[in-house]
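Two complexes, one shared chain (chain A), two partners (chain B, chain C).
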Partner chain A sequence: MIKMLAFQTLRVVSLEILGSSCNLLANNVRSITKRCSPRSLQSQILRPLSSHQHNLKVPKVPTWEHVPEEELPRPTKIPADLVDRLERLALVDFRTQQGLECLEKAIRFADQLHVVDTSGVEPMDSVLEDRALYLRDDTVTEGDCAEELLKLAKNTVEEYFVAPPGNIPLPKREERAAILRHSEF
Partner chain B sequence: MLGLTLKEVSLAFREGKISPTELCRKCLNRIKKTQRLNAYITVTEEFAMKQARQSEARLLQGIPKGPLDGIPFAVKDNFCTANIRTTCASKMLKDYTPPYNATVVQKLLDQGAVLMGKTNMDEFAMGAGSTDGAFGPVRNPWSYSDSYRTQGGAASDSDWVITGGSSGGSAAAVASCTSYLALGSDTGGSTRNPGALCGVFALKPTYGLVSRHGLIPLVNSMDVPGIITRSVSDAAIALGVLQGIDVRDSTTVPAPSALAELPEDFDVKNICVGIPKEYHAPGLSEETLAQWSRVADLFEKAGARVEQVSLPHTQYSIVCYHVLCHTEVASNMARFDGLEYGHRSEMKSSTEVMYASTRHEGFNDVVRGRILSGNYFLLKQNYQHYFVKAQKVRRLIADDFRHVFGSGVDVLLTPTTLTDAACYHDFTQEDNRTRSAQEDVFTQPANIAGLPAVSVPIALSRRGLPIGLQLIGPALEDKKLLCVAQWVEQRVNFPSISDCDNTQESRKDPGVTRREQTSAI
Partner chain C sequence: MSTSLSSCASCSRSDSVQSGRPSATSPRHWKSSATSPTSPTMARSRFAPQQLVGVVGLEIHAQISSNTKLFSGSSVQFLAPPNSSVSFFDASLPGTLPVLNRRCVEAAVMTGLALNCTINKKSVFDRKHYFYADLPAGYQITQQRRPVAVDGVLTYSFLGGRKRSQVMRKNVHIKQIQLEQDSGKSLHDDVNSQTLIDLNRAGVGLMELVMEPDMSCGEEAAAAVRELQLILQALGTCQGNMSEGQLRVDANVSVHRPGEPLGTRTEVKNINSIRYLARAIDFEVQRQTAVVRRGGAVLNETRAYDSKSGPSPSCRFMPEPNLPPLLVFEDEASLPAGVEAGEAVLLRTLRARLPELPSVRRDRLVQTYGLLPEHSFTLVNEDGLMEYFEAVMKGTSRDPRKVIGWVTNELLGLLKQQDLSVSHSPVLPAALAELLELQEAGCISSSAAKQVFQEMWRSPGKAALQIIQELDLGLVSDAADLHRICQKVVDSHPDKVRAVRSGNQKVLNKLMGLVQKETKGRADPVLVREILQEKTS
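So, the complex of A and B:
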């Protein structure tokens, strides 16, 4: 009975640790808790009771800082005209309402960047920025493989790739949905 | 024989204990026996046998090409292979057969290594579970190990666990002993993550040290070919062959040294091991934490200097990665339009409609989602706010590492993943974005900063599943990193899967005896 009680106390503590960790990975925390079957939760709880001395240089509890909601910009809502514009630009469709929610979540996740002070910091686009990269001489060294490459295309005439009629904008969103629905494998 | 390391097999060839064709046949049989793992998308049986015969002829003449001659290897299906289809586990490239070999594939073939097949993955390497590919999920070989079946309380066949990803097929191939070496790709942890969950060694070299030519790009500024093996010294042999300038990849850098054998008796007395305190992230399992502490102890007891250090921007690294990854994906995926190669839709009312329907049919939800958010971050009104902001945060993260390594730290010791492998059923309860944000949390900073990093298998969890730890080194210090990794490997006695090979005396059932040692903490 005493053992049982100790167990329950520990369980509460453990869940609190999980629950109080910062909201950066809010979904993460929830799912980790969910993932643990009662059995694995027990084994996690039992672990601190083992005789192993914890190395003091290894942090014993999560060190991430909590990011308060009020430090983030307001959550983004994607208006209908932007949905249309993105689909035209990306040439892929959201397919469902869920696809749109997925984008809004991705933006929300990215919003955490604004907590970081980057004033005076230069953007970095390559880790090789500090060295001269190898450049070969500007002469043709290979090629003459047009036929081989054309073979990979579904539709060619002589040495040309064939495309359907061009310069026709995508139809309106509703019509698009109908077209895409019918285009299956 | 199948459970041996690459080095041991190479020796067995020379001593005539086994021939390349015999070994190739054994591996092919084992691929058939382990088919339920779904580790391979394409098995190149005929090509493998042909190569094995050629290798055998060289051995008989006493002129083998090197330590890789006759060694079976596997390649993730996002590296181009001449005349062998390369799908990226996507409908988009389901029938694509490239006319050329990726540089890394060519280098291995030139050494006489024998290609067994192309391995399964998440579609276009976007994922951390190997559960989101057009050819179905990969199963972790440890799902069927005695340790998991008895300790993990797996009640039925449906309790199988994931491999991690996105190079899950490559890790499963090496863990299940169907190949001695496998190529993965590593953009945010895609080689190290499945390496950790499948109990094999995984190396992500310094950015630029290994050519990306022929690797179908995900994030050009972070992609690196990865190496998966059953021992550290095997990975060193492979890196020695693969590294160096490639005229076909202008982002390659010269190798700092020819990578000869690693010293067996590397001394850690003179090294400084940093423990970055920010790598205790929310959700880290108690068991992984205990192993992290245990290995820190090992270093300390051997006389290494172990210091807690700080990489202050770590918690924003995954956010930075998220934005940079999606934007580069949006740009990279623009090439798939149905015109020159890959899937092409039947819809042909206009070019735009053909493009849109080809991409609608060819990409899964994950890929489409990343293309859309990438395009959003790149919109004129968002470009500075998200994309350039992420590039600035990238510099802060890279600078964090620079400061730590500049202060005398030789190598950083961290967990590779938060927990051991999840059951497939549990893993798929959350969407891909959430999963990637959890799974890549410790691995993607090394990609952001272009640093070499490895995952070393350390011990089995109470569920009987592998736990790995990560070591990160300064740029181009890959060899020193491997030396330290080998030192750890020699001390943790990680068990190989006991059902590996029943003809083998020396390693018969190591799962039981060694496991007792490793879990005694």
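So, the complex of A and C:
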């Protein structure tokens, strides 16, 4: 009896949650809910949802502990020329002091990792590190789809993709400030 | 640019480079053009003992000779219609993943083995991020941190010495060999101010060979690249054609005084022939030497020999998360469970597959035929010349040391003059062998043989015998005829005869020359000498 109830709850909960998550994924709510027919989704649920109380892998109470300030290394100060360099390499714009503070806070948050003792542990590059890297045979299996690829580009000239001329470097900080003063931001 | 000279002490050259300004102590002339050297021998003795020497390090990108690209199954072709051999992964469409090509791994490992490298049984891939229109993903998959091969040696030789007849051997240390992706090609359309991108080349496998700065001038660098080209071609891992972009060389050049720290280096890029490489490097060494002597500072920059500046030098690296480490195994016995022998890269199998390398080939020629090192060097250096020589040797019983002269002087001379490759020689090995046999048998003299050779070159297909008959170059061995001619010469040069009689043997050669002139070079020299000696005794 209890089992039946549990299963029914499972079903209902699953449909509700899936319905709402589908909404989140797409802007067009209507079309998605139409497509997510309950019956098809039902057959795909084979494991307990992580939010359901029967799931044993997720702890019932949060186990995260706040790391005290003293245990963290010294806060990283980011000099202006480093910011410039990062902006140039990554083509992002930190724009305001607020942006910079946001970056510093993010670094501070990541500093908590230093509290973990990693001596004798190799850093992980890839979650696939225990798998054998598959090596492919040297035979032609793809290509020959120029038309299809060119269709994806906004600008093409006779089977070539068109790109803007060279790299447009980010203007210097002073020039940028002048440009921004005139912009709506 | 006549910059075939440099001030490197390690080169066995007797020339040195002229600086931009004459020193206060020497009243010699100097030319203002940086390209023409003057007063070579004086310059060296006047300068301070610590001369500025060039330091050259090479970064070589060799395009792997394979059917498909490094991480995708699209084909590798030269001159295919634009964007026709591009897969979704090459175009970096979202949702695509790299799948490593076994042939490319084997090529890199074989190249590493041939260059005496240590093969890393475990190597990893990284992403090198930079923005450029021909790199659709915004990053290049490479092996910066732990490449597939490290710590090798390339031994190269070149003809040096005063007469350029001495084989000099040098070593250059290879820091690492890594697998990486090639970028696409960009064509600049200045008319419409836009860049056209062709991704056919994007994703093609490259082996990047990083060499330590062990070289000091253009000649050394050129010889090293030539040797590498021969090795790669022998292995079949890269066709090594620089003009087609299969082998790309960037040189890092700086100058310093031996013992002092290295100077600032500049990068010379975009070189598409070995000759250009030597010139560009020498020019750069010259330029930097002049700057330093003037008291200036060399700027760290990239000098493109022609055009196009590459992406900015600083790039961000991160490990490639989509690829587990690359493992190569010693042999089948060391394979872990679940890995088939046919799917893995086995060092023992690859070692057994290594072909005869150029240096081994040169030694073999010296051993088998008793040739001088410089001859075997020339034979191996020219495409197809060794095969030609061996084919000629099959058709004649003459001493190889006599045959080699014909191949490296007569044949090669004409080929170079008309800019032909050995495979396009109008005279086939069998025909040359026939000619040499005729000479050996005494049908023609050596000078006549050279004439016949020229004629055979001009009319390919004509047999040597036919030409000899047509031009009447047959050796005159008729004793009576020769006696008559010799007598004639002796009679008309009594003063010379007297000189020979009084002991001056050298004049005999002059008499022989006169006889040869009479017979148009067709007299048997041995007989002529005998007869003349008889007549002048």
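Everything that follows uses one rule, which is that the second predicted complex is superposed on the first by the 101 of 185 C-alpha atoms of A that agree within 3 Å, B and C clash if a C-alpha of one lies under 4 Å from a C-alpha of the other, contacts with A are read in each partner's own complex, and residues count from 1 in each chain.
The working rule: contacts are C-beta pairs under 8 Å (C-beta built on N, C-alpha and C of every residue); 3 or more make two chains touch, one makes a residue touch a chain.
Note that the structure is predicted; figures quoted are calculated from it, not measured.
Trainee: Go through the superposed model and pick first if A:128 touches only chain B, second if only chain C, both, or neither.
Mentor: Both chain B and chain C are touched by A:128.
Trainee: With the two complexes superposed on chain A, say which partner A:146 touches: chain B (first), chain C (second), both, or neither.
Mentor: A:146 contacts chain C only, not chain B.
Trainee: Looking at chain A, which partner touches more of its residues: chain C or chain B?
Mentor: B
Trainee: Just checking: does A:118 make contact with chain B only, chain C only, both, or neither of them? Give me first, second, both or neither.
Mentor: first
Trainee: Quick check for you: in the superposed arrangement, does A:74 touch first (chain B), second (chain C), both or neither?
Mentor: neither
Trainee: Which holds for A:138: it touches chain B only (first), chain C only (second), both, or neither?
Mentor: Only chain C; A:138 stays clear of chain B.
Trainee: Answer with first, second, both or neither: which of chain B and chain C does A:163 touch in the superposed model?
Mentor: Both partners, chain B and chain C.
Trainee: What residues on chain A does chain C touch that chain B touches too?
Mentor: Residues 89-91, 125-128, 131, 133-136, 141, 145, 149, 152, 155, 161, 163-166, which sit in both footprints.
Trainee: Provide the residue numbers of chain B that touch chain A in the complex, in ascending order.
Mentor: Chain B residues touching chain A: 91, 96-97, 99, 153, 207-208, 221, 245, 247, 250-254, 275, 277-287, 289-290, 292-294, 296-297, 300, 306-308, 313, 315-316, 318-320, 322-323, 326, 330, 334, 337-341, 344-357, 359-361, 363, 365, 368-369, 371-377, 379, 386, 388-396, 398, 418-419, 422, 426-427, 429-431, 433-434, 437-438, 441, 449-450, 462-463, 475, 521.
Trainee: Help me check something: in the complex, which residues belonging to chain C touch chain A?
Mentor: Those residues of chain C that touch chain A are 66-68, 72-75, 81-88, 91, 93, 99-105, 124, 129-133, 186-189, 193-199, 311-312, 314-316, 319-327, 336, 338-339, 343-345.
Trainee: Touching chain B in the complex: which residues of chain A?
Mentor: Touch residues, chain A against chain B: 18, 21-22, 24-25, 27-29, 31-32, 34-35, 39-40, 43-45, 47-48, 50, 52, 54-55, 57-65, 78, 86-87, 89-95, 99, 102-103, 105-107, 109-110, 112-116, 118, 121-128, 131, 133-136, 141, 145, 148-149, 151-155, 161, 163-166, 168-171, 176, 179-180, 182-185.
Trainee: Please output the residues of chain A touching chain C within their complex, sorted ascending.
Mentor: Counting only chain A, the residues touching chain C are 85, 88-91, 125-146, 149-150, 152, 155, 157-167.
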